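In the two assemblies presented below, chain A is common to both, partnered first by chain B and then by chain C.
Presenting the complex of A and B:
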């Protein structure tokens, strides 16, 4: 490597680290302070404790919100994986209408959540659907569909067309080809997409606030608590949500790395 | 198996992609049990022929008959043919055994029988130890053999091979050629092998079908194609050749003269009535192989040529001399002669007399 590319690589790395530090380092404040007690608005740095986490586990409202979040996440995953995969399969190899479809699928993901949320809210009111967990699930599904669609479509496009031809050639029917060749080759992309969808649903706030009924999810609960100022349990909750989301994203990356690269490495 | 009965016949089969025609009404009869190679440069339509027979593409017009029955509209998964794809198309999520057994498994063959036949098929291609590996863990040659075993296990009437050796290096390709040929003899199944490599075609085929620009130019044994090409394309494409243009002269027994810029040449028309019947004055070529051309001695009465040696290339067992002959329009002729341990006395720039025996010369119509 000559000097110039090496220099630019170093510069790029420095900028990346700087951006990451500026963006994410403030998050360490609540994480670190969640392990210390607060007395009269002052953090007592002398005695580390996990008491806030213990208190959190006993907080009935938080647990209820957590349960709601998990239920919404699970439903969203099922709907978005099924929908995204079907759309990807349907439009794979088709020329006409695909760019329009992609645009429509990606719109709610790329728009500011408040716009998507408002659009959904107005839509639900106009057709007379009561705001409830169902509307939250629909909102989340519309929001994360793009992620599943994209991951599955990418895998489909990298799949050799002759695999399907070989399956027919060996006597398989359409259904056999789908179940035995196409689906197994898509499964890791679907799992990766599902984890990402769950992670997005897990901390989605804006759309949820607008379309939810009486029940609240964890991030919405957090949002409500923060209006009264930062308390130790908020810090602990932020720390937990953060760790969980990072874990999910790391897991998703594992599934989305193409199989060939994984085997080459082993 | 009866080598003489036709297994599959193509009748005026045409194929167009949109408005672009790729096959122009070809006729072809594949004999039961033969190793037929379809040879042609890229874009000749040879892979399309294979895909039409396999059912991977619909015909534009014409028909394909199997044992006399029209199968043009038969879906791909019901045709008793199996394909070895150029990229092998092994299923990456299945083991070698899973890949080979796939064709039986989708037909609901009992599990015990599948594992017995998979073991047999892997034994046939000498991959018995690799049953539990995944395709990503195999070398190119091994994948190739898995693909072959997978195609053979369904006991197809016809195995279609789409340039399966193209991705292998030279040494491995030679081994695989012998291997394929021996397997074909062992299982006595008809093989249709598509390639652009004429050496590969000569080495393996019982018969070769030469294609160019969507037409079949000639169908015959490698020997026929080499010594009796029926057109300029085949004469030039198939092996090294000398072609000299001219106009046809009179017929004398099994020979016919052709007037060329290098003088009057006499060539054999034995067993080729169309060359005897062609009108005098029609344009054509005298064709003679580099190994048929030799340095002329006193006994050579016919077909005497002279020229200067432009290049001498040692090629191991033989040496190839490139000779410039003729006046206004220079002809480059190639002459191949056996190499000798004490070298040859010939020098570049030397003027030499050449000749070829009339029965080793051949005519093609332009």
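Presenting the complex of A and C:
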């Protein structure tokens, strides 16, 4: 048609590119500096190096924090998937008190982390639990539970009732129906929820800072180191973590997204 | 939804145990901590010891002390600005996404969401180095001739907090606006076109009003996330960039006044709840297309 629509599309595209550049700029800084030496804000493009990666392998403090993060993440995944699935199965199809309980589960996710974290901090102090990795795991689980619950519940609601009815008609008991019909149908939602839970736990910083003991997770370790400035090997770690999380995200998308888009389209 | 038809295997023998768990878990790990926290805001501190006697002194101090209310309002204005700037950048981006064809649309949306996965702490650190005196932003501005020499305008002050929070939170604004725009029925736009409206008229009278729920949700998300953040102001705010979150955090660290910190948290919670309710109220009306 006229020039105006094309011009506006160009403008929109320009703004989108600007936003993408803004969003990715903080990602590129550490990745570039993991391969090239940086001095006084100038990147020395002439001498690529992997020395930062070698240095990382020798940084025991960071590797220990990374291991702690993975352990905390694994515990959080197990607890939140078990708890979230249990709550979803229990609340599903129930009327009494469901919206209230649902609201309570979502509170830690909706409230600013500083409030959830401080509430847990005071709670642990009052009931006499020392701050440790256990309190971190509890904090993370309380935080991510809503996400797993929501994911499993959504799948449960989209599941056809005829599947369960057919199972009963064919003479299956409640437990047989649960293990052979319901659980297999929920499994991909549970895996998706588990990945989301792990990703959230992996990067959780604000609640962790408040409830952690002496042994702590990677983000909190990095936070403590940041005041002094990072050594170059941290950049290598960041690059690796980014690759890992993108991979994880792609995996989560495979388990969660296609189905949702498919239902939207139909 | 009840009866044999719905998938409810958790009845029968295990039922009592499951019922107890389903009610006890949220009660113990969510309600109890929040309730204790609320009660704490009515206690006081004497020589490093918490006095377990009810008092309104913390709230009186919050409202009368010349320090806290100004910081409180300033933080609210800061976070509203973050929300406004995020939306100004996110709206055209989300709009552009909806003009793309199916596969490209979601690929680009994913691409814009990926930075959310990156470690929060690392992003703050990287942004700080970009904004810094020797950072990329200053270099670019000097190279473009906008300023003659590196400026300290973006380090360790409120501007730095504003820019950093915006950069961190834009994806949370893109997503709800995109979803709202995507749900606008194409037939409405075609009808408007058929009736002789120009592209701008169609946008102003149909697209913009119908996407406002998404904008409201985006504003609420970004505001809540910004006001609850105490790490970013701590890291890029320096001495002059003092926000409510930092004051709150300091009550549990250096100042060691947990009850007063709890009272400040209640004030923060009130603002957050109001923002969430506002987002819910104006973000409703989403199902227009179906």
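Basically, the second predicted complex is superposed on the first by the 227 of 266 C-alpha atoms of A that agree within 3 Å, B and C clash if a C-alpha of one lies under 4 Å from a C-alpha of the other, contacts with A are read in each partner's own complex, and residues count from 1 in each chain.
Following the convention adopted for this analysis, contacts are C-beta pairs under 8 Å (C-beta built on N, C-alpha and C of every residue); 3 or more make two chains touch, one makes a residue touch a chain.
Only a predicted model underlies this, so the values are computations on that prediction, with no experimental measurement involved.
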item	value
Clash or fit (per the criteria above) of chain B with chain C on chain A	fit
Partner touching more residues of chain A, whether chain B or chain C	C
Touching partner for A:109 - first (chain B), second (chain C), both, neither	neither
Contacts of A:168 with chain B and chain C, given as first, second, both or neither	both
Touching partner for A:53 - first (chain B), second (chain C), both, neither	neither
First, second, both or neither for A:184, with chain B first and chain C second	first
Three-chain overlay, vertex chain A: chain B-chain C angle, C-alpha, nearest 10 degrees	100
Partner chain(s) touched by A:36 [first = chain B, second = chain C, both, neither]	neither
Touched partner set for A:138, first chain B, second chain C, both or neither	second
After fitting on chain A: smallest Cα gap, chain B-chain C, Å	6
Those residues of chain A which chain B touches in one complex and chain C touches in the other	165, 168, 181
Residues of chain A touching chain B in the complex	160, 162-163, 165-173, 176, 180-181, 184-185, 259-260, 263-264
Residue numbers on chain B that touch chain A, as the complex places them	54-56, 75-78, 81-83, 85-87, 89-93, 102-103, 106-107, 134, 136-137, 150, 154
Chain C contact footprint on chain A (complex, rising order)	4-5, 8-9, 11-13, 15-16, 18-20, 22-27, 29-30, 40-41, 83, 86-87, 89-95, 97, 101, 104-105, 107-108, 110-115, 118-123, 126, 138, 141-142, 156, 159, 161, 164-165, 168, 174-175, 177-178, 181-182, 199, 203, 205-206, 209-210, 218-219, 222-223, 226, 230, 234, 238, 241-242, 245-246, 248-249, 253, 257, 261
Touching residues (chain side chain C, partner chain A) in the complex	1-2, 4-12, 18-19, 21-23, 25-27, 29-34, 36-37, 40, 89-90, 92-93, 95-97, 99, 106, 108, 110-112, 114-115, 117-127, 129-130, 132, 134-136, 139, 167, 170-171, 174, 199-200, 224-225, 227-231, 235, 245, 248-249, 252, 258, 261-262, 265, 268-269, 272, 276
